[in-house]
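Next up, some structures in structure tokens.
Two complexes, one shared chain (chain A), two partners (chain B, chain C).
== the complex of A and B ==
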């Protein structure tokens, strides 16, 4: 329908053109059919992509669930790795993750609050933000190496839960700061304005209100960070080592076992007994991650009832 | 610049400018009952000159309406009164704003405490997404205006009654405020502002986002409120201004064109711009 000005054919009346370009025109109808086909092809393609991605996930879940359920027993929780159980690794994981969360969560949440509320115009804030982003991008093994050099060797703590906890908290911190800051920034400015007009000072009372609003986001960030910490292996290899005995708590120079380390250590062993422990550890880890997600969702639901 | 604004003087007050020590006297404005005295106020946002040499008085326990076309600086003017402009980058001003004898921009005045004396209600109702009770109690809680739960309950009840909302919500105080209708939410915002017992109430087009029924309820409320509070109202709605105002100030492009009692302004405007605006010929 492109009318060249140089052509000798006269351009038809505008009314004619318009009269042809409606739903009765067969060209329009066939174009619509083509669009429907393209639409459906793309839908199909998207569906296939999703299935391709989900399949390995389900495969993993199935494989470990299958083996895990078969192998799970009371022994897993009562015996140490010397006797075919995982109690020392489970305890070790709990202690290490507990330590790192205990350090990273308060620091991260307050840091995020500072970044969101108090630092709009200071250069200090942009430096902190930049450093935090760099920290988030560091390979976890590098952070582990740093922990090894600084805490295990230089401070002479040896392989210990403290060294592992601090190293992991370095990995968790940027995520918590970032999600806290983002969640707080998402609080609508009308709410803040109303609170300021009522005379609330920035620090105390605006936080009474805005933290409430931002809590779902903050909690999600925390849970994601805990998930990240749970899944780390390399940094723990350098800072917590390995052990077949019950962890000693917050001692120094005491190597600790942890679930990811169990997998690392045992999955290439020739004995079925050890391999089973690796399967079990993997199963427990998957279960924990699933539980964390379920817990996160239920918390979100409770907060959305606001 | 337009003609110097002249306000109608009360019959009882004499011309006492020469005897006043205050050299910021503006010819023609009355001082006797003025609670807020704005003098030669110029406001700039970076290089933008938003308010140009404004001088006017807000009289106590009366409704003063500030009207004018969009962008003339009405909202900026009332935000000057409770220092809400302080946080805006690039804000600077010259001139004086004196409330109850105190310069509110002096270093001695804490902006947080000022907001206890000057409350504000915004154009779009913005209740917090918490319960109705907690909304109204928010102000008293942060300023610790009560000693025990009974006192807080009494404050909440009184504020909701003053805002003409008590009867509608007295049985559901714990419900989330977002479940209320628009008009009810706006009245809740008014109750919330009243709960800290201010002396001045600033209303920035409070009824413009509401349907006519809620709008007229808000108007009745304002007439009722002026018995106890000084009300400054910004509105686009001429009819609303005519219905509720005691004093009217007409702003145009940042300048105060005319100020006076509402009867004078609406029936007998002195300035041609005012007359144009009132008859709807000014955009």
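== the complex of A and C ==
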């Protein structure tokens, strides 16, 4: 039966329903008016909630797009924050995200491969799944504290892109593991069985084959994690600090600027020139996140057609 | 070349070892937090949770307490940020859950197909917008709007209620609750919408055949079906609100005392941790940092419990890969 036996839903008696909906009964007629009014009220309420929620979103998109387009110029990409541009922040973001992706992607993809291919019911797999759920729920400031205490202080790396990269990769890891596992599981078992029937070993051929089929899903997961990493501020504040100068890739004790940090640093300044940098950074961030979202969605659509 | 079985085993153990990285990360994080919060736990004990006073006493001389160097007269109490976190998350749920369910109902029952996919796309975009940008918008738009329009109206007409009296501020409890609500709506909406859509079409058709209105179909057929997923989604949203740092830091007003009205400034644990760590480094005894780490450990435990409960509920319900990825 489709009824979920765990819930307390009882199928109303047919006689009950017929009695309640008998049009010849005057009580039913007046009740129908009430039911119709309730229905229309709910309809209105749901419409209002849609508008109430969409208004801030469109306000945000419009406001930052308007300001961003107004302020965007070549200087944004050539000058550093000392001169009103964002080149050091853009470069810093790219470096930090690149580092964290470089750590999280191999770890996550191979982790997901293990979970999907080699371990069906084992206790170890459910532990890894549970742990990755916990990691996904960690507040980013707590992970930032970890990065600060362990990497910046204890290892004495100081504020550095590497510390920021490792911290962000902890935030990205669970999503990559889970989406890789899901995408691999979605590949029909007929393909795997066909490959093994043709004599391939489990590791080489099957994974080259199933990975190819699962690739759109895996890439979507990677894109989403990159989007999450791009949106983070709090952990970066205490692992990468802030700087007005061009970032140094693998240096230690070298603070780096990043787009989200620019917004946080300059959002209250009274000087228009500095606030403009915050607007520009916001615009670039929203643009990037939008592109990632559109791209991921089209990938997912291609993947579900499988 | 290695034989097939040997390379199979190698691949299996290699990827198994790599998958352990998640476990290693979590254990290391837990260990680091415990080590760096231990001094504060030992020195301040239960008072950490009961006092509102947060005084690092940076102008005092150090003294020894329970074997740790501590500035004389310092007191670290987590009550103000803790209350602020709970209050702002509760307000976010009060605003966010009805809105999310309203949107989910609209998408599944009342809106045409084209409009549904457009709105769903916007909702998913919302989930990706960085929290600093929500905070920035809250700072630029929501704060002034509350200060100049909404809060004076509320203070005028709702002042018979005890919590709604009093001076109005732009950045405080109400602003934080609203910004958090906007941020948790995408999570709750996408999971709820997917769960509601999973109800079998036959049951909905049977309802229509009986003459049920759309709302009655939702209430009597779809909600019971999706109940555990929706509750899981709400708890997931709660987990997100508890851990949200930047947006709250930018619109909360960063209070040092408990709020007296819905307009007054508050502070949340995450925001406080983000704002204070800079200044904490001047404490020569490092107790300020240890106290902040103890706050971090507390926040970690709270969000961990909430998220685990939520995921158990969501897994027992129905999830598709799209909504799963959003979360």
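We take it that the second predicted complex is superposed on the first by the 236 of 306 C-alpha atoms of A that agree within 3 Å, B and C clash if a C-alpha of one lies under 4 Å from a C-alpha of the other, contacts with A are read in each partner's own complex, and residues count from 1 in each chain.
Assume contacts are C-beta pairs under 8 Å (C-beta built on N, C-alpha and C of every residue); 3 or more make two chains touch, one makes a residue touch a chain.
Keep in mind that what you see is a predicted model, and the values were worked out from it rather than measured.
Trainee: Kindly classify A:82 by the partners it touches after superposition: chain B alone (first), chain C alone (second), both, or neither?
Mentor: So A:82 meets neither chain B nor chain C here.
Trainee: Is A:74 touching the first partner chain B, the second partner chain C, both, or neither of them?
Mentor: In the superposed model, A:74 contacts neither chain B nor chain C.
Trainee: Contact-wise, after the overlay, does A:201 reach chain B, chain C, both or neither (first, second, both, neither)?
Mentor: It touches chain B and chain C both.
Trainee: According to the contact criterion defined above, which of chain B and chain C contacts more residues of chain A?
Mentor: C
Trainee: Based on the superposed arrangement, let me know which partner A:267 touches: chain B (first), chain C (second), both, or neither?
Mentor: Only chain C is touched by A:267; chain B is not.
Trainee: Between chain B and chain C, whom does A:212 touch in the aligned arrangement: first, second, both, or neither?
Mentor: The answer is first: A:212 touches chain B but not chain C.
Trainee: Using the superposition on chain A described above, determine whether A:278 touches chain B (first), chain C (second), both, or neither.
Mentor: Once the two structures are laid over each other on A, A:278 reaches chain C alone.
Trainee: Give me the intersection of chain A's contacts with chain B and its contacts with chain C, in residue numbers.
Mentor: Residues 201, 204 of chain A touch both chain B and chain C.
Trainee: Where on chain B does chain A make contact in their complex?
Mentor: 82, 84, 87, 89, 112-116, 119-120, 122, 124, 126-130, 138-139, 142-143, 176, 189, 192-193, 196
Trainee: Write out the stretch or stretches of chain A touching chain C in their complex.
Mentor: Of all residues in chain A, those touching chain C are 2, 4, 7-9, 17, 21, 35-36, 38-39, 42-43, 45-50, 52-54, 56-57, 59-60, 63-64, 106-107, 110-115, 117-119, 124, 127-128, 130-146, 148-150, 154, 170, 173-175, 177-179, 182-183, 186, 201-204, 207, 217, 220-221, 224, 227, 230-234, 237-238, 260, 263-264, 267-268, 278, 282, 285-286, 289-290, 292-293, 297, 300.
Trainee: Quick one: which bits of chain C touch chain A in the complex? Just the residue numbers, please.
Mentor: 4-5, 7-8, 10-12, 14-16, 18-23, 25-26, 28-29, 32-33, 36, 98-100, 102-103, 105-106, 109-110, 119, 121-126, 128-137, 139-142, 182, 185, 200, 202-203, 210-211, 213-216, 218, 220, 224-225, 227, 239, 242-246, 250, 270, 273-274, 277, 292-293, 296, 299-300, 303-304, 306-308, 311, 321-322, 324-327
Trainee: Hey, which residues of chain A end up touching chain B in the complex?
Mentor: The contact residues of chain A facing chain B are 121, 190-191, 193-201, 204-205, 208-209, 212-213, 306.
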